[in-house]
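Reading through the structure tokens given below for one structure.
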């Protein structure tokens, strides 16, 4: 579980940092509403997902499941816009790791 | 949607305030790990759920779905422990409202 | 204290909702990096400020103090950009209310 | 700045994980209201502090300043209760790192 926590944390940091710096400074498609919202919501979901695992909540399987969906959507969106390789890569890893956590039986 | 945002916010506030004051001060079953974790995680999930709706994220239907499950579990747990009528009542309302949001088609 | 909690919550909601919808959709000066960062950081600080008061933390005077500074800066920035009357008004109220909380003796 | 972000993140994780597992399971002084509130508020402040730095907000010096105070108080409290060496150590490091960030000129 610790490795999924670490990946969620790195993904939250990368999405927030990229959105609030690179995206805002490049403008254009990078601040297109649907893309920018997805980056910010992905960061927030990854942070909550990590917090649920840290807190040992049995609902972490459910939050990891939703987190995996959002990370997958964010990876696709970032890949189609381009110039966001780091974001694409960490979002894919996070989606994979969260999907595995979600598939484990809880309690 | 605004009414669901308002209910999620009130539920987040009530759970956090009750856990950090009443539960910690009463002790006993109120600080039993599974109960206390549920209160804190419920507060965090309701806050994220409200933020996703405020941000107009299409994933709000997914986060509302999980929020409804956690609120329902929290309402049941608080009811079985007793002395937590306000929490029980707002968690039930929030579960109901989030379930409705989750069942609507998005975008 | 409850009225300051309510104002902080409304301010957090207004800043997040305005940034993620109106600002992203209008573009131009509304997504200028310094302005947009301030809106998002103001929303996050108001939420933390409310949570510290709800948790009855003695550090709420310190977080309210910083929250007042950020809300004041956000009100000024929104006023200079224009078309953001609701944000200007709630940020000013929140700055005022947080300044009062910060000036009270704690414990 | 990246090293302060990393330390804030580790401190947020350690405080939340320790509070929601070790403290709740050990009970007694570990769930005494003032101690437990401090742990949870410290975790939340460290997370916000990291987010302000990631977002490149000029207010990160102010949030780091308050974060340093809370981490110092949390380190002292954990040390006096005992059995919390990891928390004491990371809170001290985080207080030190945030104090340095706060003392730097911004912009």
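General observations
Going by the order they are written in, the chains are A, B, C and D; count residues from 1 in each one.
Everything below uses one rule, namely that a contact is a pair of C-beta atoms (placed from the backbone, for glycine too) under 8 Å apart; a residue touches a chain by one contact, two chains touch by 3 or more.
In this text the structure is predicted, and so the values were computed from the model without any measurement.
Within the contact network of the assembly, the step distance from chain A to chain C comes to 1. Between A-D and A-B, more contacting C-beta pairs join the chains of A-B.
Note on chain placement: the centre of chain A and the centre of chain B lie 23 Å apart, centres being C-alpha means.
Chain contacts: chain A has residues 20-21, 37, 40, 51, 55-56 touching two or more partner chains.
Chain A contributes residues 5, 9, 13, 16-17, 20-21, 47, 50-51, 54-56 to its touches with chain D in the complex.
Per the touch definition, chain B reaches chain A in the complex via residues 37-38, 40-41, 44-45, 48, 51-52, 55-57, 59, 62-63, 66, 69-70, 73.
Chain contact summary for the complex, chain B toward chain D: residues 20-21, 24-25, 27, 31-33, 36-37, 40.
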